[in-house]
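Just so it is clear, A, B, C and D label the chains in written order, and each chain counts residues from 1 on its own.
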Amino acid sequence: MKFLITGFEPFGRESINPAWEAVSQLKSEYMGHLVVVEEIPVVFGASIDRLIERIELHQPDVVLCIGQAGGRATLSVERVAININDARMPDNKGNAPIDEPIEQSGPDAYFTNLPIKAIVKTLGEYHIPTSISNSAGTYVCNHLMYGLLHFIHTMKPNIRGGFIHVPYAPSQVVDRPGTAFMPVDMMLEGLERMIEVIAVTDSDIKKADHAIH
Amino acid sequence: MKFLITGFEPFGRESINPAWEAVSQLKSEYMGHLVVVEEIPVVFGASIDRLIERIELHQPDVVLCIGQAGGRATLSVERVAININDARMPDNKGNAPIDEPIEQSGPDAYFTNLPIKAIVKTLGEYHIPTSISNSAGTYVCNHLMYGLLHFIHTMKPNIRGGFIHVPYAPSQVVDRPGTAFMPVDMMLEGLERMIEVIAVTDSDIKKADHAIH
Amino acid sequence: MKFLITGFEPFGRESINPAWEAVSQLKSEYMGHLVVVEEIPVVFGASIDRLIERIELHQPDVVLCIGQAGGRATLSVERVAININDARMPDNKGNAPIDEPIEQSGPDAYFTNLPIKAIVKTLGEYHIPTSISNSAGTYVCNHLMYGLLHFIHTMKPNIRGGFIHVPYAPSQVVDRPGTAFMPVDMMLEGLERMIEVIAVTDSDIKKADHAIH
Amino acid sequence: MKFLITGFEPFGRESINPAWEAVSQLKSEYMGHLVVVEEIPVVFGASIDRLIERIELHQPDVVLCIGQAGGRATLSVERVAININDARMPDNKGNAPIDEPIEQSGPDAYFTNLPIKAIVKTLGEYHIPTSISNSAGTYVCNHLMYGLLHFIHTMKPNIRGGFIHVPYAPSQVVDRPGTAFMPVDMMLEGLERMIEVIAVTDSDIKKADHAIH
C-alpha cells in the first residue's frame, strides 16, 4: 500500500508549521507500506492544484493531509470538509475569500473515508491524545480537505483520504503560556500509528465520540 | 412574514433548557411579523417528526431551531448540519446511535439558508456576543438541523431555516465556576433582533468570520 | 454602616472598565447602609494614595475595590493580596515594575477580612456566577488590594476590606467570540447583594471552594 | 550542592501522579550535584511531616516539591504559598479541611526563594513550556509548599525551596480530549534543567511575567 502524506508550510506569524516538521521526518516505508511526503503551500487554489498534481505523480492508495490547528490539544481527525472558503486572515499569497464556494457545483460537504474511530482508539492505546473533530474550519485546511475529497469522489473513488490537525509545537507556545501543544515526536509517532491502523482497517469501528452539541 | 421558533426540552443532568426558557418568552408578533413557538423533545427521530408536523401546521416562512451548547460563550449561529448521528450520551428516550446517517440517501451536509453574517453583525451592534459556528455537533441538535434543512430542500424550498446554539443560563453554572453563560434575557433579545434581521435581509452580507482552522 | 466602593478607570486597549461601569450605578443607600463610590487610576502608587485619601475622607466601615479581570467568567472574590508588583504591560502612567515589593517591610501577603464564602453562597442563590479566587494577579489590582489591606492592618483594624474582580462587559467581547463576559446589570446586582451579605455577616461561613491545586 | 526532589503519590481518581512519574526517573547526580528523590503522601499534615523528616535525613541545599495540576498546560513555578487549607475533595486519608490555617501563628503567605524567572527563561530556551503561577491552590500542594517554606524560614534559612506544578501526563487525558497535557519525558527534562539553573543562579533575574490581573 502506498501513502502520500502532506504537511503545510508555515503561515500567519509562525516560523514553522508543526505539520511539516512531523511529516518531513517520516520514513519512506513502514511495515512494507511505502510513504511519500510533500509540502503544500498555504494558498487557496494552489494548495489543491499541488496536491492533485502529486497524487497523479505518486498514485497513492491513501492520502493524508496534515495541518496546524493552533490552540487544540489533540491530534484531531477531521470527519468532514465543507464547501466554503471564509478566511479571517490572508493566505500566504494575500487571498482572503469570504463565503465563496470551493467548487461551484460541488455538494455542501464530504465525509472522509478514513477509519476515524479506529484511528482515535488505536492512538489512545498508545497514549497519544487524539480525537474526532467535526469542523476543519473554513480556511486553507478545510479547503484542501474538500479539494482532496472532491477529487476522490469525482475521479479516484478507490483512494482513501482525509485531514489531520495537529496542535502547536512546544517552541511555538513558550511565549504563550496556557496554550496547548504537542511535541513533534509525539505527532510523528501518531502519524506512524495511523499508517498502521489505516493499512489494516477496511471499515471503521463503532465507538462513541466525546463531543456533544 | 411568519416565524416558527422552537426550543429543546432539558436533557442530560439539566433541569432547564435555556433555549426553551428564552423561546417561550417570545411575543406572538414583532414589527408585524408573526411568531409561533414550540418545544421539541431531545430524541433522535421524534424531534424531526415533531418539527415537520408543526411546520405543516403553522406554514411558516422562517424556521429557527434553538438548542443549548453548554460551555460556549456566544449565541452561535450554525452554518452547516451534517448527515450523521453520533451520540456520546443517550437522548431522552435512551437512544444513543453511533455513526449512523440521519437520512440514508441524503447528502453529507446542508448549509443553512439564513443570513448568518448579517445576524452576527447586527447582534454585535447591540452588544450581544454572537458568532458563526461551523459545527452543530453530532447529537440531537445537529440531527434536528439536518432534518429541517433536508425537509426544506426536498419539500419546501421557499422556507428559510437554521439552528442557533445558546450558552448555559446563569443558574446552570453557579456550581461550575469558570463555565461561560449568558442571561436568558440576553438570549431573548438576541432572538428578537434575529427576527428583525432575517425579515429585512434577502441575501447575506460578506463579512470575515473569526475562526480559522 | 458605611461602604466605600471603588472602580478602576479603563486600562490597556479598553475604552471602558466594567468595574467602574457597575460601581458608578450604585445608589447612595441600600437597606439603611450608606454607599459612596470613587474611581481609581490604574497607576502603581497613585492608586493606593487615592484610595487612602478617600478612606480618610469618607471614614467607611467597609471598603470594596472592584477591577476588571478580562477572560474570567465569574465575579471573583479575591482571598489574598501578595506583596509584589510584576507588570506585564505598563500602567496608565507608563510604569511597569518587575518583581518589586509593594511595601518594603510589609509581609508577603494579607488575607481579606471579608466573608468571602458567605458572599459566594448568597450570590449563587441569586444566580449570579461568583467564585473565590486565590490570586489577584501581580498588576495594579493586586497592588491596590495589598495597599488597602496593609493600611487596614497597620492603621484601621476595624475596617473590613477586599477586592472583587469582574469579567469583561458584553460590549468588550463582541469582536472576541469565545471570551467570557457578564452583563453590567448583573455585576451591579452582584455588588448590591454583597453589600447586604457583608452588612449582616460577622464571621464567615465554612463552605468548600471549587478550585483544587 | 544537594537537591531533595519530591513527587506526590496519585490522588483523586487518578492511578498515577505524573509528578512522581517524572521525579522517580531523575538520576542521582547532575553536573556534580547530588539528587535524592522521595514520594510524598497526598495527606494534610502527614505530607509536611514526611517532608521535614526527609530534609532532616538528607540535609539538602535545595528542596523542590512537585505536584500535579490537572488542566494546566505548562510547568508552573509557584511564586507563593498561602496559610490556608480549603479542600474541595478529601485527601488520601479522607481529610477535607475548610478554611483552616496551616500554621496557627504563621504569616498569611511565604514567597519561594527559588529564582523563578530564571527558571522560566531557561526552560523556555529549551522549548519546555513553563510559566510563573501566583497560586498553588488551597489543597495539599499549597499545604506542602507552605509547610516547606515555614520550616525554611523558622529553622533552616539557608535552604532554598519551592513548588512546581506539572500538567497531566498523556495517558491521563486520552479519554478527556481537549485537556492539556505534557509528556513525562518533557517534565523530566524540565526538572533536570531546573537543577542546572538553580545551581548557578544566586539571585533571580528581572523578567516580566505573562499574567495580568
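Here, a residue touches a chain if its C-beta (ideal position, glycine included) is under 8 Å from a C-beta of that chain, and two chains touch if they have at least 3 such contacts.
Only a predicted model underlies this, so the values are computations on that prediction, with no experimental measurement involved.
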Chain C reached from chain A - shortest hop count over touching chains: 2
Chain located farthest away, centre of chain B as origin (C-alpha): D
Distance between chain centroids, defined by C-alpha means - chain C, chain D (Å): 29
CA centroid of chain B to CA centroid of chain C, Å: 38
Length of the line joining the C-alpha centres of chain B and chain D, rounded to whole Å: 46
Of all residues in chain B, the ones touching two or more other chains: 72, 210
Touch-based graph of the chains, sorted into line, ring, star, complete or other: ring
Chain-chain contacts as defined at top: A-B, A-D, B-C, C-D
List of chain B residues in touch with chain C within their complex: 72-74, 124, 127-131, 169-171, 173-181, 183, 186, 210
Chain A residues within the chain B interface of the complex: 67-70, 72, 79-80, 82-84, 86-89, 96, 98-99, 107-111, 117, 134-139, 141-142, 165, 204, 206-213
